[in-house]
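Next up, some structures in structure tokens.
First subunit A sits with subunit B, and in the next complex the same chain sits with subunit C.
Showing the complex of A and B:
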């Protein structure tokens, strides 16, 4: 037996590290979501180069939501900083060994890439806005008339999306002092979690925009009012099954990566086994299995499979569950990771 | 090139916390925080338990993970003695260095920047010992240059068995404990 007694009592450090609260999981989730939206939008732009309406939900609404989500995520990150007025210091240097430095520069490139993707098809998606601002039509025409530019925007979105998604995982994975985070698999895990969240979000938007006789009258009124105010065109519901199918693939890969992540810890050192125990049998086991694996992955996987085989209607439920599961994954991993420690394994 | 290190004799340390008080006084450490602290480690079982009392602080690692993860370069290795320091003006308070340190040696100062032991570099530059070393009533703490084979720390490490904290973390700490 080893017993440690310490006189240290530093705030946020003792009795166990808790320096990151809700802001960081929210930032990581929104970063992953934006990464997924960029990759899907980029692929749609590359595959559907001609200006077709099917591209609208992925290539316009996705990137526009991505810009909003990214701004919200960066605001959450800003709220977490203890020395807020010095935030600009991030952009006075580039530290190649720091994942956070890589991330801050990647985020700077993500904005123009997302904006360019959104502008390519904006006049088709929201004609009312284009009529009010003719410059949007000129920009869209300029982009779509140049095949190389369209391809460059598409590939830039895919590449930056992959970098952003992996970065959100590597940010934690590079911190070797916390055994639970110490896995390179966190990068692809957060990337595919972000992809599934993005596909689920776009699928949810399509479900909402489709006519539905069983929808309550007030919800129908709200949605039609929103469409009228924004001047947006109705979305093509044919993209729904494609997105649900893609989401099922992403969820399956995420589940496999989660299994490999835990397997890697269980076959590693005592500290890593103990860290994995936090999720498997420890204080985070119940929320992890219920909210992340059950409600966040398995149930939506089942629901979307039933939707794709036409046994049930397409509903908003899988989208809500996947988004909730994505947030739960980050909240639980950030909290449990801070609790995992080299010293604790001595006992 | 010098490499400063601290050597602490755990057979002499009585855990009186004079080093903690001296550090707080010398460096104006805010109330409720500490840059160094006392750890009592008991292992074994009755009737042969073993007690080790240690004065712990930042280990000023040769491979400091707090420096490599810093996004602004605020955490850095100083040319003078290889001491790990923080530029308060460059620090944005992102707390990555706190999460990266396996010894939990850092904290966020109420003014918003990451703070920790500096080996009292302002005193060392004047030829003095760090405050904690200078007040130790049992003379269990020693400070000096590892690159100087005649220094007290080099001689102690050459002649006594010693260990560092969490050597398996690969950080190569420069605070050594004589056993």
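Showing the complex of A and C:
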């Protein structure tokens, strides 16, 4: 029963609070993952000598997966648009103050950078494909013959990866109307969450491909038939510990950034404190602490530490948990953020 | 601070979910480390070749038992608030046999199957899928099983109450039983599997040295003996009261609830409070507010509701309710309210409201609706508005003629379990 009628009861005066559904968190997660894959691939390209780079999971499979993930994410973003035919208008202008504008241009540049990174070592990684399309060998030879071009591709991947990762966070952080998102720390937080997801994904692929007697028969069958079709070389399992170690650092930084993010809110205005309360004591507290912090960060951190100290074997579990935690972080932040507001009266 | 923390309202549902996660992960971790993620090891106990499960589980039982006893004895834990699963003799025997059959066939019990599935064992995943399918199937046929499942009920009983022995004596007996079972388990393992016990991890193996395991066994036996001599762990009727704190709370205005508000709550069907009528049983039978439960002042004990439950007390004029308010506050209940004016005010304001000069007609219209809902009648304006006829109208049990909501069951207890 409404005891008091005000103008606010007219339709659409108060904004409807939940307008973003599953598409946005999925896009944010995939965007962060691609950013992480680009940075890792770019760094491998810059740091490693060509002979050590060959057939590395990071430099070929990473960028190829990145292209697929980015296309999926862009499709999810496209589904969210109200006026789908107006997409092209984003590319008729550049607004330096608009995160949307930055994002659309960054996304446009990410594709060629990722593709160039993947093409550099594609013939060595998947010989069957190179035999079918000789032009791939020519492209790869062209790139690898020019050291400066290789470095340029590497730096472009790192720079665009950082930009993409930070932009996905700023996209939310720039929206002052939602106090929970209104923090610049979301940029680095999403960047490091994306980096940890990318390292975990590549680590998971290495674990799956490593020779292992205890691997379930069906996985062995799938992998061996895949290898026969592609004629791919076995992946280098030495990168496993490096990736697990890197993932641990990323997860630790992500945890610290999450702490700072909440601290920043708790020391801010009552509105921001109330917004942080959604994650600390409110309806999102249990999923946040269980799925994001517990299963998504702390347990994979523990498992990978045990792996690195040779207490347990390298398994798929941390990879699955980190990827799942990355999705959970975006889903919960997007949902809770849309519930945070400036109206105390509405509570 | 007092335990159990949740019952004393130290934290809410959200925090308890997070704690459940932490406890669950720790439980799974230790089960895995004990080797209980392997179906072979678990099934071995049925062939007496490896009785680790018996040892671990019995150790857990006596550790928890002595721990709970000691904490309750020193006054940290209120044992009367610890949830007990009600006993249904025949259904629980049938259920136990079904669980045992499933355990032997599949090699897992519910908890260990989760551990096994989480560590990547395919048989564990199959077992888990089967368990979920069974849960859904059970839920589907539940209505037809309900009468059987609720048969042969004994309520929430404990062994000390059943056998009329002291609580501590039972603790001691169970500890001795566990130690005997450990010794028997070692003997059985030696007989069936030819396993020679590790001299450091064994209770019975020679030579007779005071190994850490034996020290622990003696320690537990000593704790059990102490429990047998130390008296009841229940708090009983004695409490300590901070009179100044109690006086402050009593002087606070926010301890009472207006009859009209209570009427609204009942109409809305809210079940987040318990309405307690502290009058005698005969008074209660002649009339009571719908949804109320009867707890006469003389038999008021602290076990009828959790400490963080909102409780509304009512009596004829409020005196008895106020006495009950002090008793409940002293026993640690924190959100206890009085029905202001008692049942007399309820009768005047809710059942038989009179229009007043100041209040608008619409407000009285609402009051009249509420009065009809509860089986009363609004007193319309007129010169003959004598209050006398209002009283006899109350005498016939209004409940029988009352609205559908009058026989609502008491608020549902929160679901709890192991």
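Remarks
Here is the rule we use: the second predicted complex is superposed on the first by the 322 of 347 C-alpha atoms of A that agree within 3 Å, B and C clash if a C-alpha of one lies under 4 Å from a C-alpha of the other, contacts with A are read in each partner's own complex, and residues count from 1 in each chain.
Definition applied: a contact is a pair of C-beta atoms (placed from the backbone, for glycine too) under 8 Å apart; a residue touches a chain by one contact, two chains touch by 3 or more.
Remember, predicted model here, so these are calculated numbers, not experimental data.
By the touch criterion defined above, A:323 lies against neither subunit B nor subunit C after alignment on the C-alpha atoms of chain A.
Subunit A is touched at more residues by one of its partners, and among subunit B and subunit C that partner is B. Once chain A of one complex is fitted onto chain A of the other, the partner contacts of A:87 are limited to subunit B, with no touch recorded for subunit C. In the superposition on chain A, A:100 makes contact with subunit B only, while subunit C stays out of contact range. Within the superposed three-chain model, A:290 lies in touch with subunit C and out of touch with subunit B [touch as defined at top].
Using the contact criterion defined above for the overlaid structures, shared-chain residue A:282 touches subunit C, although it does not reach subunit B. Overlap of the subunit B and subunit C contact sets on subunit A: empty, with no shared residue. Listed in rising order, the residues of subunit A touching subunit B in the complex are 1-14, 17, 19-20, 80-84, 86-87, 89-90, 92-93, 95, 97-101, 104, 174-178, 338, 341-343. Subunit C meets subunit A in the complex at residues 12-15, 17-18, 21-22, 25, 118, 120, 122.
Residues of subunit B that touch subunit A in their complex: 17, 20, 32-34, 37-45, 56, 65, 68-74, 89-96, 98-102, 104, 106-108, 111-113, 166, 168-170. Here subunit A touches subunit C in the complex through residues 216, 281-283, 285-286, 289-290, 294, 299, 315-317, going by the rule given at the top.
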